[in-house]
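We just call them A, B, C and D in the order they show up, numbering each chain from 1.
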Amino acid sequence: MKLRVRSELVYRFDPPTDAIYQIKVAHWPGQAVEDETLTVTPHVDFHEDENTEFGARTLRARLEGEVSVVYEATVDNGILKGLPPVTVQHDWNDLPAEVLTYLWPSRYCPSDQFGRFVEREFGDTTGGERVLAILKWISDNIDYERGVSDSETTAARTFIDRAGVCRDFTHLGITLCRASGIPARAVSAYAYQLTPPDFHAIFEIWLSNGWWLVDPTGLAPIEGLVRIACGRDAADIAFLSTQGSCELVRQSITAEAV
Amino acid sequence: MKLRVRSELVYRFDPPTDAIYQIKVAHWPGQAVEDETLTVTPHVDFHEDENTEFGARTLRARLEGEVSVVYEATVDNGILKGLPPVTVQHDWNDLPAEVLTYLWPSRYCPSDQFGRFVEREFGDTTGGERVLAILKWISDNIDYERGVSDSETTAARTFIDRAGVCRDFTHLGITLCRASGIPARAVSAYAYQLTPPDFHAIFEIWLSNGWWLVDPTGLAPIEGLVRIACGRDAADIAFLSTQGSCELVRQSITAEAV
Amino acid sequence: MKLRVRSELVYRFDPPTDAIYQIKVAHWPGQAVEDETLTVTPHVDFHEDENTEFGARTLRARLEGEVSVVYEATVDNGILKGLPPVTVQHDWNDLPAEVLTYLWPSRYCPSDQFGRFVEREFGDTTGGERVLAILKWISDNIDYERGVSDSETTAARTFIDRAGVCRDFTHLGITLCRASGIPARAVSAYAYQLTPPDFHAIFEIWLSNGWWLVDPTGLAPIEGLVRIACGRDAADIAFLSTQGSCELVRQSITAEAV
Amino acid sequence: MKLRVRSELVYRFDPPTDAIYQIKVAHWPGQAVEDETLTVTPHVDFHEDENTEFGARTLRARLEGEVSVVYEATVDNGILKGLPPVTVQHDWNDLPAEVLTYLWPSRYCPSDQFGRFVEREFGDTTGGERVLAILKWISDNIDYERGVSDSETTAARTFIDRAGVCRDFTHLGITLCRASGIPARAVSAYAYQLTPPDFHAIFEIWLSNGWWLVDPTGLAPIEGLVRIACGRDAADIAFLSTQGSCELVRQSITAEAV
């Protein structure tokens, strides 16, 4: 699917502080960036890196005062397909070495505490069926609601709260998959038809020798997702990290079909 | 310093389960493995991987019944030096991209909660001086004591408990460094003169364009540390991970000067 | 039902420490203590108090060395009935003032976090039906299993762990009832036919203008419960509290029909 | 000291909900209410109770729409004195039975986790000296700052955050006192010269056979405190509790010398 994505981030940095943006579309197999522009006002020389594993591209600079960052890109995200139930789960021994780390618990995903729950609730499933059962459970049991969670909310707390936003749904999904022995990691994305438009947090699991994207909120069609960054959980994929405080002035994100 | 390290791990796996060992000495600049042997009884064909970033080597297999794994190596760990106070801290923008991830919080190191504490307690220091001040604070305030912590204990809890083992000291040290804007990561090691002999957990920080090893427990001399694995926290560097349960039969670790 | 209850607690207090026992059968309407004896070896002059609200009786003394406390009583616990679904829940305004405190969260019962869960899961019930639905949910979702929880485990953690002992079942039951607007409090008891024999933790809720005892574990018949102490949660009803540490030598508890 | 206290609470209750106010000055030895008026608009018939232990007075009713509650009283709070260092700490055995409950942990005061910290930090003090050392530690280490804590913040978290408001200071003070074997409980109050004017949360400890009020924030002079309610922690002393949600319209609290 071909999409035109755009993010406009206007923040005030006072006092000056180092900042890291992760807003550029990832270089990832099957996802082609046809053109892109980055407009920064006032001018800033960003230091840009590309992660060799995820193709995520980070922009870093020391920022001062009000800075507007506008990123636009035309992307063909290829053919993204929903997770089929027939995908199989691999034993630890059959996983690529670089995938193992996504089995372990992380800051917002204490999967080590959920072994008994997943066994009780999803014990008769494995692989794609297990993940689809987890997604159905999340959909049946968690409300999409702003104001319940904050930047410190873990999946353990969302499991109790029964409500949260895309970030919380994703943390809970990752947690239940890892507790099931399925590698899972967080992905940030532009998302077609997401309402209201915003950056989206989704996750992907390793099954049948590949990563499969899923959206635990069900808010955006899978074929309209455009990858940005990737990591263990929200700690790795923030669209903006700053060493000191910063103040939101204005922000808008869009993703439209071309 | 030249050392002879040895670990003997005898565990019972019943029912059979996938297991991952991280016990081999790392391939790491300045650390030379002169010879090594791995003896597994009964015979097991391990799948071995070497991490391209850390040089950590993992052994994986499905194990059944009682399995004895004996690893022996002669290592020259080069010249390890204590952290000098003059080492400098880099701005985010001056860090190598692959180091950034060690600034973020992880499962056992919720550094996002300690910003005010480090500013209050260590606010007049930076770089090597900050790290040395953190190590002194840990030494002054935390007791080395078994039985206080368990496999779920985070640095936040150790900060309250005021006691723990090497793993807990390391998590707290990493947490306070990351909260100070200093990249920090966990390292597992063989340690000369550690009493009682065991695997050791230490950490390293990125200062003056390099990683510096420190031992927050002060139990082993820095020049006698031999690296095994490395990662965000204990979730990444376990010497033995298993999908199911396993039972300790017998275990011994030694590190002697040659 | 007439019962003969007995507890023998032998502990070693070294160094000497203040201790509080709550093992005597409560003076409570409908529960008649026909005879009782307390044998302490070596002799100790306990300071005894009776709580005016619960009829719980506490024994206090400074203890030193090995102390054996044997308590025996013959009790007619009256006619205890299971909770009928027709019992009604009162509005806050219709509750006795002294009952209000059992609506609020306590150390092990963070009921303030479970409002959305109880509404989602039990929203179509109220009063006795709500409590019975909660008890059924606990029975369906929590395993009775030793070794999962410890003395710090809260209901929030048991909700995730899906396993625990009578104390944990009781904390979770209290939490879900309070979150439902139903006053609930912890009760310690001797329990007929409990296997293995031990002190039991149960709880009671205020419905239809009275307290109703329920056993969330289902391990003991309601008619065989003999009340000892009562309070907000396990912090209030411990059978033995000590200021310093103490060491268990031997303990046995029995409750037999006469 | 003679004071004129006044609180005006205007809230909107939509949909209707049960509410409990604790705003009336307590009936407490040494504290004399010379006159008081309660003006509720529109008229509401409150159900009023007086707690026999604390003299706290609760007002309960089902409320609907916008309700204004204005309470005014002239109070002579007697002669409140700061805690003298010579006050002595009692062994458990020498405490009145009704005081024991304030030794145990509660929702926001997990004193069971702080035994090692108080021993390390305050180990050479006892009684009034211990409490004064705790108050000094809080004053030296915790910042008074809004926005750091919320209604779920426990003393464990404030200990890490190093910042909070009067409620958090009080929870931390109570926690460290209970961990020291000193009974401690939360008190809500009108406070002379508190800036900005608001309800105040303080605590009291049991030493030398009596309760002594202390203000861990140091924001109000001890002689200008007027007691309202009392309990284990904030769960018991809220000035307004509601079963459903309610919306603040306007609120002002004053305490002036007469």
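We adopt the following convention: a residue touches a chain if its C-beta (ideal position, glycine included) is under 8 Å from a C-beta of that chain, and two chains touch if they have at least 3 such contacts.
Remember, predicted model here, so these are calculated numbers, not experimental data.
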item: Those chains which touch chain B and also touch chain A; value: none
item: Distance in touch steps, counted as few as possible, from chain B out to chain C; value: 2
item: Geometric centre distance via CA averages, chain D-chain A, whole Å; value: 44
item: Whole-Å gap between the CA centroids of chain C and chain D; value: 29
item: For chain B, residues that touch 2 or more chains besides their own; value: 113
item: Inter-chain touch pairs (all); value: A-B, A-C, B-D, C-D
item: Touching residues (chain side chain B, partner chain D) in the complex; value: 113-114, 116-117, 120, 141, 143, 148, 156-157, 159-163
item: Touching residues on chain B, where the partner in the complex is chain A; value: 18-20, 47, 49, 51, 58, 60-62, 91-93, 97, 100-101, 104-107, 109-110, 112-113, 151-152, 181, 231-232, 235-236, 243
